[in-house]
Amino acid sequence: MAQQNEVVFAGFGGQGIMTAGQLLAYTAMEEGKHVCWIPSYGPEMRGGTANCTVVVSDKRIGSPIINHPYSACVFNRPSLEKFGGLIKKDGLLLINSSLIDVSSERDDLTEYLIPVNDIAVKVGNPKVANIIMLAAYIEMTGIIKFKSLKNMLTKKLGKKKDLLEINYSALEEGRKLAKKLVK
Amino acid sequence: MTSSPTLIFKRPDAMSENVTHYCPGCTHGVIHRLVAESLDELGLRDRAVGVAPVGCSVLIYNYFNVDFLEAPHGRAPALATGFKRVRPDMIVFTYQGDGDLASIGMGEIVHAANRGEKFTTIFVNNAIYGMTGGQMAPTTMPNQRTTTSPAGRDVNKAGFPIRMSEMLSTLKTPSYIARVGVFTPMHIINAKKAIKKAFRLQMEGKCFSMVEVLSTCPTNWGINPIESTKWVKTDMEPYFPLGVFSDPERGDD
Amino acid sequence: MPGVRIDKNYCKGCELCVHACPMHILEMSKDINLKGYYYAKLKEPTKCIGCQICAITCPDVAIDVHTHGSQFILFEY
Amino acid sequence: MAKRLMKGNEAIGEAAIAAGAPNYFAYPITPQSEVAEYLCWRLPEVDGVFVQAESEVAVGNMLFGASASGKRVFTTSSSPGISLMQETISYMAGAHLPVVFVNIMRGGPGLGGILPAQSDYFQATKGGGHGDYRIIVLAPSSVQEAVDMMLWAFDLAEKYLTPVMLIGDGMIGQMMESVEFPDKYREENNPDEIEWALTGAKGRKARICKSLFLNPEQLEENSFLLAEKYKKIKKAERRCELYNVKDDNKIIITSYGTMARICQTAIDELEGEGVSVGLFRPITLFPYPEEELYAEGSKKNIKCVLSVEMSTGQMVEDVERIMKGKKKIDFFGRTGGVVPSPDEVKDKVRKILRIKK
Amino acid sequence: MAKRLMKGNEAIGEAAIAAGAPNYFAYPITPQSEVAEYLCWRLPEVDGVFVQAESEVAVGNMLFGASASGKRVFTTSSSPGISLMQETISYMAGAHLPVVFVNIMRGGPGLGGILPAQSDYFQATKGGGHGDYRIIVLAPSSVQEAVDMMLWAFDLAEKYLTPVMLIGDGMIGQMMESVEFPDKYREENNPDEIEWALTGAKGRKARICKSLFLNPEQLEENSFLLAEKYKKIKKAERRCELYNVKDDNKIIITSYGTMARICQTAIDELEGEGVSVGLFRPITLFPYPEEELYAEGSKKNIKCVLSVEMSTGQMVEDVERIMKGKKKIDFFGRTGGVVPSPDEVKDKVRKILRIKK
Amino acid sequence: MTSSPTLIFKRPDAMSENVTHYCPGCTHGVIHRLVAESLDELGLRDRAVGVAPVGCSVLIYNYFNVDFLEAPHGRAPALATGFKRVRPDMIVFTYQGDGDLASIGMGEIVHAANRGEKFTTIFVNNAIYGMTGGQMAPTTMPNQRTTTSPAGRDVNKAGFPIRMSEMLSTLKTPSYIARVGVFTPMHIINAKKAIKKAFRLQMEGKCFSMVEVLSTCPTNWGINPIESTKWVKTDMEPYFPLGVFSDPERGDD
Amino acid sequence: MAQQNEVVFAGFGGQGIMTAGQLLAYTAMEEGKHVCWIPSYGPEMRGGTANCTVVVSDKRIGSPIINHPYSACVFNRPSLEKFGGLIKKDGLLLINSSLIDVSSERDDLTEYLIPVNDIAVKVGNPKVANIIMLAAYIEMTGIIKFKSLKNMLTKKLGKKKDLLEINYSALEEGRKLAKKLVK
Amino acid sequence: MPGVRIDKNYCKGCELCVHACPMHILEMSKDINLKGYYYAKLKEPTKCIGCQICAITCPDVAIDVHTHGSQFILFEY
């Protein structure tokens, strides 16, 4: 079977969850991959968790709904609780350790703790926590090229130079940390 | 000398213990409480039936200790008519948003009011479609931005906001129709009086009664709750003046 | 002597009560409740005049008002 | 009770009263406005409720509200009016509420005409509204049967907590036939004895009557509950009538309502000519008497199952499905208010059997 | 044109513009309000018409009026909203008017929920309104297909002068996928070139756009004309896709829309386990690709035709009818917003084949 | 000295030669003619589209040399909106009875008027449902007998007749709304002026326009045509006063 | 096959067409017969002809719509034109010769001319033309007993003595004429 | 000199014109037209003043008005 990767981004509304997923999807598409991004839009939306799933594949994508994704990036505790148990065996779980002080308690996953909020504050804008997570995720999976993501950010943010700079830093920080964690 | 404390303000019996799903600062919650208090004070909880709309308050039945019916979008007045006609001994009320009542449900509310159906309508006018994500409502203010009027309501294409209370009070059939606000404590106190009177008139079998309540939607207006109450005062109230538009006890019909 | 009790788990942190209180004795806490909201709390309990205005304002019926002994009724409600 | 000669429309109204359902909400539309014209003076005599609504959308929703009270309620309308009730029918099915609808069908689509037709079969039996629901559909072929079925319809509606629809073409509404009503009319429901009725939350938990289930598992549960209900209905409530069904039948005609009576005349006349044809008349269209049709239709002597309808072909799809390829299926229909004559049916039969006249 | 990553709802809106149909009338309803939110700023850019109507009943009738002008028009809605349009759909079918409806289906019946479902199959394919009419029903399974089908839908609507409906579950509306639009967008229709369009009776006899035929023979003629049209459509416009259909298939799954994609994943995974299952995906639900299904489904190697739907079982009735008793028919469905996983489909297949996991 | 005769009154060009199916003395026919004359005089026949209702005038298209659309019951204003929005260069009008417009079509007319749709509505108020055999309409007079109010309209159960012109003129969106009669020649002459003005305002792209015409239904009223015109004067006019309720040229909006 | 008789009454609205048919149906029912009365309610109603069909039978009635009735009583010319040709071979046609000055031009029918309007005027009330026709029809066919019809009239008209008298006379006149014509 | 022409086959015999004519010069005929109606006709043609009131009144547009030479306009129409 062809290569397919699935990732869930999950957290509170306002944490840039949807954007992170869309950025990944856009970039993968630009790289010529098949992609599908799908949000949850159910009753839990108001006040609860927000999440989206991105599927990236070399061939036409079957089910857009992934009950057991290969990987997840969880930004808050309810999300960990919801998705921690759903990840495929041998899958990957990235936990925002700035807000989550527990782990999945699974031993069949590769699991990393990344304090994305803390790093974001360090970088200079608490809003880029999602980008840091995304960068780390990409670094770890190689699902898309780091450079492509950077190009995509450049394209999307266009002339907002300041913002772009901070996002660049976020990317680098995420990548750096990922490299450190993995090795 | 300390006596044991007496509760002088508490959750009304007609309300359930559930935490509402409403956004922080949304005044749907205040209006719920006023209805519940009125039912309690008039001793009507036992024989009341509410009709829920489709809109943010679609789950209103979770917040009341009162029998509830859930209507198709806009049709609550028809359900209330049906119910009240076969059970005139019961107390029936609809609770409807502006999309529900003034847009899709226009025919039903006008005709229920015109037939003089003996139920009470609580009409929550927040100038927007809350539940579906902030689209333009018939009551959206001129130039107000919504997801379907991103450049602001263009009165040349969408017309002016509809003033339901004024419109319904042109009908000759006797009715009690009032517009109130809940954007300051004083207004809430007055709103309560109107709502209670509406139920009292129903209890006495007098007439159709409707209280239009200017309410907030901080989420879809994109401003905080305090700003929201201010916006009602500065932007909505001048166009939607408060007052009693029709009153069978004033003998103006 | 009147007093209010705010059930922090009903509170959604809208700040309307803080704004409404004529005695300016409410404030938002620095902690969050179960739902993740910064809830309202009483800053200076002894100054409460039992006017009920905060309770009347609260959209989430988070506030009770009680009194020891008789309470002057400021308005009909 | 003594026999009375009554117009179908009026008899339907009286039957509802006999069924203990003197609560009627309606909007005028030909060819059934006589129901309202009859009930607007008749209901006050029995302390019933008559409301002329502002539209059929309102009618549906008045029924919705009134039904939730536990009282028996009904309406009558005709094709375009029934289309306007589809959203509400879906809601009432979802909320498990009993109610009786009568559709005195006229020619369509659109404004069409006002003469008899049977072209709302799909709408009635498959569900014209959205979502996984069905309604019970009864098809009377005479005024007496319309009366009997009104009584039965309320029983079914209450037994299964579901909307029930009587469908009759314009003839059923317009013709006068002799009819008997039960000697003793039923009492109205006492809402206090109904465990789901909204009677005020006095000394009990509040009741909620709704079709909203934001949680998909709960919504699915409700749909499965409905599916279970339909299964039970399919098992217990199928009804049909066989006419002239014999071992030498070459053809089984399936036809319902007054159309079946026309076929009956044709069958009688064919019998006189030595051509043996049987009639399978479904009385319930949902649940369709599937086993029964399959049993009759697949007998050795049968060459063809012929669906005769006042439509361009709707029930025939069910006949095809039910017959599972066992026999040739054929169809004859006139529509838009044209009522086929026995002669036309006879011609069609002869054509199938290649009999020269 | 370059690929774009777009949400289904927005892509559907853009596709209509590409089809030369920048005339949109709608009323908000989840899960498709983004179409309106997209078009309310996008349409003014192309001098299109956007009207937020007061209700779905009004939407249907605004489309009715606008379509009669000869311009291309469309709307989008979701299940309860579509139920409210049934009277008008029947009228427009009867008046031979082209129009495109999009139903982004949610769980029902009644208010139900807002999550994806496919439980409006009956309503769409059998005609939820009254009278002898059908509409063309298309079922895209990806955002790109939704876009392509929007273009095709307008072609079909105009070729046959009929309402066309795209039905997609909530997923189709909510997901983002990469999508391409035609390089050249079509021009809007020029009403003056359309022989039935109402353009003012200048230098010609007045034109009337109607579904009323008080004379039953004329009404029947109109119905026969419609029936003739549907026959032509059945002949020419059936579309389906086969996936993994091979001589060693034991089962043919029939499934449409995104549900078919889930089945596809299940089929891929089963193939890996050595279980061979084929997928028959109808792309047009009316006309249903009947011959094609029968041909595939009745092959010697097939044990069972399994209909997989997000409903309690609707399309399966058509499958039964079409398969004429040739093979065992089975059904698997989840509903109410519960989206079945590939695993559940696999389990069902294994169960049918009595394969232990 | 005799010149050849000139026709000073003749069948308007916009009308067809067909004999109408209306009952003797039914003033639907007069109203048809006034519309046709207005179209002719303003030179609009060529680009006019009418929208027929469901009601006695459902066959109106047979009597005009004008393109026509036939609407579902009550929905003519929605069809007119749809048409006019995509073809703003054309002249669009609806012709509706009181059951059609004021009962089932209430939502559509209120919203079309409120959006300020630039079409013209001719609203024929004959206080009854003609076509279906004389049932009660929303405009049926108190105590008036109809087939569904055999003892006369009971205002306690069915409410009072609805005054559409008054109601619609409470809307803030500019409009031209007038009520006229056709029960004496003088009234017909004035009715013509109002109808013509309504079309002129549409021609100028000004606003929504509606002319309510008090009409007769001798058949279902059960009195002869002359009695019928008298009944309009004595029984209807006092409740439905004639006049202009809203006029963009009067600057009262 | 059992005995079945079908008759169409047709004329202008206001000629008592529906009443005549209903009277026949009521009476036949009282006599224990199966009956079905069905009016035309089509578009022709306003301003055109009105008609109804009555089927009287010894057994359950099949089709309520009779395209070719055994007999017809036509009260005006358009009705003759509409139904004259539809009557079954060897059927019976009664023509109101007060208003119709032609005949069916068929030679396979039994046809009688009855000037019911003239007789009605003679009897004293032009409104009883329908009763005269009905009486004649009954006399000729024996479809129901004359006495039953008289009883039915008595029952229906109840205490309106004057009206009853005139109706009795109408019955008698109709019967008399029929007897004269038939023999 | 003005005059009116009544097309008897449009006329439905409603008598509104007869009633409306200010000169009282119209009447109903004793004959019926094709549709069976007693139609309106001119009793005293010479008295016609060409006011058009009968024509304006007629719901069935059965009446034409013509004139020889100029006609005094009594009202705007």
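By written order: A, B, C, D, E, F, G and H. Residues from 1 in each chain.
Methods note: contacts are C-beta pairs under 8 Å (C-beta built on N, C-alpha and C of every residue); 3 or more make two chains touch, one makes a residue touch a chain.
Every value quoted in this text rests on a predicted model; they were computed, and no experiment measured them.
Undergrad: Using the touch definition from the top, how many steps at minimum link subunit C to subunit D?
TA: Minimal hop count between subunit C and subunit D: 2.
Undergrad: Starting at subunit C, how many touch steps does it take at minimum to reach subunit E?
TA: The fewest steps needed to get from subunit C to subunit E is 2.
Undergrad: Across the interfaces B-C and E-F, which one involves more C-beta pairs in contact?
TA: Result: the pair with more contacts is E-F.
Undergrad: Express in whole angstrom the distance between the two chain centres, defined as the mean CA positions of subunit A and subunit G.
TA: 88
Undergrad: Taking each chain's centre as the mean of its CA atoms, how far is subunit C from subunit F in angstrom?
TA: About 59 Å separates the centre of subunit C from that of subunit F.
Undergrad: Return the distance between the CA-based centres of subunit D and subunit G, expressed in whole Å.
TA: Spacing between the chain centres: roughly 34 Å.
Undergrad: Between subunit B and subunit D, what is the gap in Å from one C-alpha centre to the other?
TA: Distance between chain centres: 40 Å.
Undergrad: Where in subunit C do residues touch two or more other chains at once?
TA: Counting only residues that touch two or more other chains, subunit C contributes 35.
Undergrad: Using the touch definition from the top, which residues of subunit D touch two or more other chains?
TA: Correct list: 30, 54-55, 57, 80, 87, 91, 95, 110-111, 113-115, 210-212, 214-216, 337.
Undergrad: For subunit B, jot down the residues that touch at least 2 other chains.
TA: 23, 58, 70, 72, 103-104, 106-107, 111, 115, 138, 158
Undergrad: Within the complex, which stretch of subunit B touches subunit C?
TA: Contact set of subunit B toward subunit C: 2-11, 15, 19-20, 22-30, 33, 184-185, 188-189, 192-193, 218, 224-226, 229.
Undergrad: How about subunit E: which of its residues touch subunit F in the complex?
TA: Residues 23, 25, 49, 51, 53-55, 57-69, 71, 73, 87-88, 91, 95, 191, 198-202, 205-212, 214 of subunit E touch subunit F in their complex.
Undergrad: Along subunit H, where are the residues that touch subunit F in the complex?
TA: Counting only subunit H, the residues touching subunit F are 1-3, 9-10, 12-16, 19-20, 35, 37, 50, 52-53, 55-61, 63-69, 71, 75-77.
Undergrad: Where on subunit G is subunit D touching in the complex?
TA: Listed in rising order, the residues are 1, 22, 25-26, 29, 34-39, 41-43, 61-65, 67-68.
Undergrad: Which residues of subunit F touch subunit B once you look at their complex with the stated criterion?
TA: Against subunit B, the touching part of subunit F is residues 103-107, 110-111, 114-116, 138, 155-163, 166-167, 170-173.
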